[in-house]
Amino acid sequence: MSIRVGIVGISGFGGGEALRLIASHPSFELVYAAGESSAGSRLVDRFPGVPAKLAELVIEKWDPAALPKLDLLFASLPTGASAEALARVPRHVKIVDIGGDHRYVDGWAYGLADIWPAEIEGQSRVADPGCFPAATLTALAPLLADRLIEPGNIVIDVKTGISGAGRGGDSKFGYAESNENLVPYGLLRHTHMPEIAKTIERLSGGSAAGLVFTPHLVPMTRGILATIYCRGRATTQQCLDAARRFYAGRSFVRVTDRPPQTKWATGSNLAFVSYAADPERNLVIALGVVDNLGKGAAGQAVQNANLICGLPETAGLDGAPVWP
Amino acid sequence: MSIRVGIVGISGFGGGEALRLIASHPSFELVYAAGESSAGSRLVDRFPGVPAKLAELVIEKWDPAALPKLDLLFASLPTGASAEALARVPRHVKIVDIGGDHRYVDGWAYGLADIWPAEIEGQSRVADPGCFPAATLTALAPLLADRLIEPGNIVIDVKTGISGAGRGGDSKFGYAESNENLVPYGLLRHTHMPEIAKTIERLSGGSAAGLVFTPHLVPMTRGILATIYCRGRATTQQCLDAARRFYAGRSFVRVTDRPPQTKWATGSNLAFVSYAADPERNLVIALGVVDNLGKGAAGQAVQNANLICGLPETAGLDGAPVWP
Amino acid sequence: MSIRVGIVGISGFGGGEALRLIASHPSFELVYAAGESSAGSRLVDRFPGVPAKLAELVIEKWDPAALPKLDLLFASLPTGASAEALARVPRHVKIVDIGGDHRYVDGWAYGLADIWPAEIEGQSRVADPGCFPAATLTALAPLLADRLIEPGNIVIDVKTGISGAGRGGDSKFGYAESNENLVPYGLLRHTHMPEIAKTIERLSGGSAAGLVFTPHLVPMTRGILATIYCRGRATTQQCLDAARRFYAGRSFVRVTDRPPQTKWATGSNLAFVSYAADPERNLVIALGVVDNLGKGAAGQAVQNANLICGLPETAGLDGAPVWP
Amino acid sequence: MSIRVGIVGISGFGGGEALRLIASHPSFELVYAAGESSAGSRLVDRFPGVPAKLAELVIEKWDPAALPKLDLLFASLPTGASAEALARVPRHVKIVDIGGDHRYVDGWAYGLADIWPAEIEGQSRVADPGCFPAATLTALAPLLADRLIEPGNIVIDVKTGISGAGRGGDSKFGYAESNENLVPYGLLRHTHMPEIAKTIERLSGGSAAGLVFTPHLVPMTRGILATIYCRGRATTQQCLDAARRFYAGRSFVRVTDRPPQTKWATGSNLAFVSYAADPERNLVIALGVVDNLGKGAAGQAVQNANLICGLPETAGLDGAPVWP
């Protein structure tokens, strides 16, 4: 029996990736799509390769009072916009919010599905982690859980593809200015820090997190790599072992001996983590790779939706990455 | 019941894309992989995101005398290498050859599956069309079939992503030299011409084809666009109508009013065609877009494999394109 | 003695490239810069690598009534904006208009400097050719002058880098949507056609031009390649010889035996042309390559400025292309 | 009076950039070029846009016994190859070695020209710093000189364009595999570390350096960004002030308030440095940007050549960066 699904925010990159994943999901049936800039268009006008069965669905202006019969809603709205937009969605419609407004908000589960799936199962409101936290926390969690690093002294140097900046039309994200350009930004301040800090504290049993977070825009469309410098006395092998134990039986996190590359994850819900340590120097480097639109957004959202709908966690998410 | 499948040429881009598609195919089970440069490695060593069920499969040196029990073999070898490599494959193993050696060869069906599926169904040896012919012929076929253009006077200006040049290590395909560079090559001679000419003659009922074919390397990984200039008196609407009739009921060819872009097809088995005509000037422009590794290689191959195995033509090929 | 120079339209790509060239020009001294979106900033705020001598120059709102003492003005404004903006510039200030409003307008020389330098020398108002015409006409001129091709039957398939679309913020020119995407547009209509047609008619002694013009956006920042299909009975060698004669003694056009690549011209004022012909098939292919911001905009403008100021044509333009 | 100059290693990217800079240098005359893979070709065959005066120069096989009359030689050979290749160059020929073999070697000045120009002036043998050290040390030097950071605890996270990997033909540097891919490599080991450590110790008056160095390959052709995490109690303003004092009167280092982007330096010999500090957390972040082929290779080499030839340091290096 199929689950009736809607997407709000279909015009953006996260909404578009949700559409792609839902379109080939074995249990989801897309019956509703809303978007600001694309309202009035058919799906096929915006996504020329959309499966024929969805081609004629007309994108609507978002109106929570005029929803069709829905079981599940994916929201992919700009940070600041989803809290209000989703407030009046009827309670019986389950929601996965890809946007930033409901992370660590009362009444919303925090959807770090590879780590705490039990907190998500059976909920009706789930907030996806941000894309930077997804890459960072997936790499750090095993080290924190096993007390292999100090939570109070973590330097996170992250690099993201440009789709992470959203689909707005700022010329600084234009091809001509972004190509052949590597751009650090937001030094010593970044909106993702509180979310990462709070989760680190949970993972480490309450110890205070001390973070440095430096994001960089890389001239590529998709992909995030977090290179994380930590204090700890573990060996490389101990870190890898800890991660393999931590993620044993989990479907989407791959622990690798060699440093992961962003292209390994493109188009998939996979995360790759690896480690290099020098115990004599009290140093552990953790590496985390995700597709910012996959595990960092829509892939994670579908995984969360599977959990809240009682489906197999991997339903609709078993596609291998696109390479090259 | 699953069909036991092998791939020879897994080290290259075409073989890698075949792996991706086979891995999520509902009826194919990959039991064998062979490759020159990757022999001895496990699949996961070469394709870190490969599904867990395939991770430990060891890539072998190609030896047709030492095949496991196989129902179907995908071959993706350099032109010139597959004729000999495949000669001793047992007759009961069906073959789809993505490479160039068996196109219009006796005993091999020509796998232009969107146009002549009946010629492929039930065969045991099928040769995939080349990637340039796939883009070109899909756009031209409806016009030729309806006699809307002259087969003797066709200018084909094609643009391809760099994965079309294969995975060799020539520095001229290196990132630093290819990025920000657009490269025309092979003017007035090109290996794809005879294949295109022969097919045009079949499509037009025997009229001699007269072709100009100019390929260009574009700084992108995937994608082909053929911009084709023809002589004819049809209107744009007549061309579009002809194509919609020609492909009515077919699954993978999309006829669009606006000019198709290569990104519409990325990662899929779709082809997009469109037309612009000026009857007063005796001019028809046909546009064809495919992913050179999808409809231009592995996607087409899986479609052909479905046809020869009696499966639904779309099995394993219903994924929407990756965007952005 | 230095010539006092101004730029209006410094915020855009053409204006920025003019700045780069003027900054190292031996006879030009930049004393004025105006721009819409950057007014009030210092040059160094917008161009962090600008030479120290120019760093503190403040960008002004354009006001032709409040110009400082100027000998020469470069205008790089959107098509439609420069006619009005430049109307009240005092007559003694020479103008080179990179924008589109003054091409083939009375009182303005048409600045195809590699072909008709004598028409530009000593003028005070020059309109730069468009970037597509620059690539196209440079390749065609020798063939037309020697009657080697028919002007009435020319198919121009051009490919341009994305800086050619200007610096506006449309998301379709954003990195995420433009990367890995090849986009044909404007089939059977394009604003550059009348300019090309008129010039072809001049070059061919009055014969009517018959043109097909198809532009494509290529995922690269700079560069234009025109692949041009003509009717003619010349051999490849005759075409190359004609071009070598035509451009003998000229500084910026290179005639090459092998097909030119866009990267050959990057950052320079060079144009590359080559030819491939098949007389038996009545076919001549002409290829033209320029940097759309160099020979296609600011490089051409400086060349024109040199001509109207009585300077050596190559002053400030002798830098080799940037490779890779 | 012109200085007679040669290049050995013209086939590679560093040699090519040296050619570009020498071609427009006011005092250098290129009279000799040698290269392995390009021997026998004319310069114009390899560099189609080379100025006409150099076009016919034939590239030779390297033979130090058969040099023409030379004043100055630029060497750009793979690490490991230049020590032997240069051993027999006559003493009266000055050498700037862009390659890695003569850094901190007796008889060779270390060419960190923005910091220690006096050590280079008048020498006849200079070794260019590596590209990673150039970006890193330029950013760190003012902080070390003023004791604002601890030399024993420095984390260097560097990102480089792919031309930094040289021009070899490894398929992993191919466009298809490098595009849309961000690749960390060489964790906890890297050949540039001893050079950086030794220089840090000099800059800090002998204190031992403690370094973590993590390089990443970024999908772009040119550019390096070093993001460097240090321990120190200075404020952002103190760091910026220190850098402005340190580089006062120097031509090629720009100290900026906002984080520098790699594109700011493309094609130039500029370095950009900036800082962000949080004294309460004992944290200083230093940022350094160079073009790996400019300040990181050939630009630096020309600057060093100017110093050893008694020319103005900026001769031939005053071109503004290429943007966009």
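A, B, C and D are the chain letters, set down in written order, and residue numbers restart from 1 in every chain.
Simple rule for what comes next: a residue touches a chain if its C-beta (ideal position, glycine included) is under 8 Å from a C-beta of that chain, and two chains touch if they have at least 3 such contacts.
Only a predicted model underlies this, so the values are computations on that prediction, with no experimental measurement involved.
A.B. asks: Farthest from chain A by Cα centre, which chain is it? Let me know.
C.D. replies: Relative to chain A, the chain whose C-alpha centre sits farthest away is C.
A.B. asks: Between chain pairs B-C and A-B, which one is joined by a greater number of C-beta pairs in contact?
C.D. replies: Looking at contacts between chains, B-C has the larger number.
A.B. asks: Look at interface B-D and say which pair in A-D, C-D or A-C is its repeat, using the rule that over half of the contact pairs are identical by residue number.
C.D. replies: Selected from A-D, C-D or A-C as the counterpart of B-D: A-C.
A.B. asks: What whole-number Å value describes the gap between the mean CA coordinates of chain A and chain B?
C.D. replies: 33
A.B. asks: So how far apart, in whole Å, are chain A and chain C when each is placed at the average of its C-alpha atoms?
C.D. replies: For chain A versus chain C, the centre distance works out to 45 Å.
A.B. asks: Please tell me the distance, in whole Å, between the geometric centres of chain B and chain C computed from their C-alpha atoms.
C.D. replies: Centre separation, chain B to chain C: 38 Å.
A.B. asks: Quick one: which residues in chain D touch 2 or more of the other chains?
C.D. replies: Residues 13, 161, 163, 176-177, 179-180, 219-222, 260, 266, 324.
A.B. asks: Under the definition above, what is the set of chain D residues touching chain C in their complex?
C.D. replies: 13, 16-17, 19-20, 23-24, 47-52, 163, 179-180, 221-222, 251, 254, 256, 260, 264-268, 270, 272, 318-324
A.B. asks: What part of chain D is in contact with chain B in the complex they form?
C.D. replies: 13, 161-163, 165, 167-171, 173-180, 219-221
A.B. asks: Which of the residues in chain C end up touching chain B in this complex?
C.D. replies: Chain C reaches chain B through residues 155, 157, 159, 161, 176-177, 179-185, 187-188, 210, 212, 214, 216, 218-223, 225, 227, 229, 259-263, 266, 276, 278, 281, 283, 285, 287, 324.
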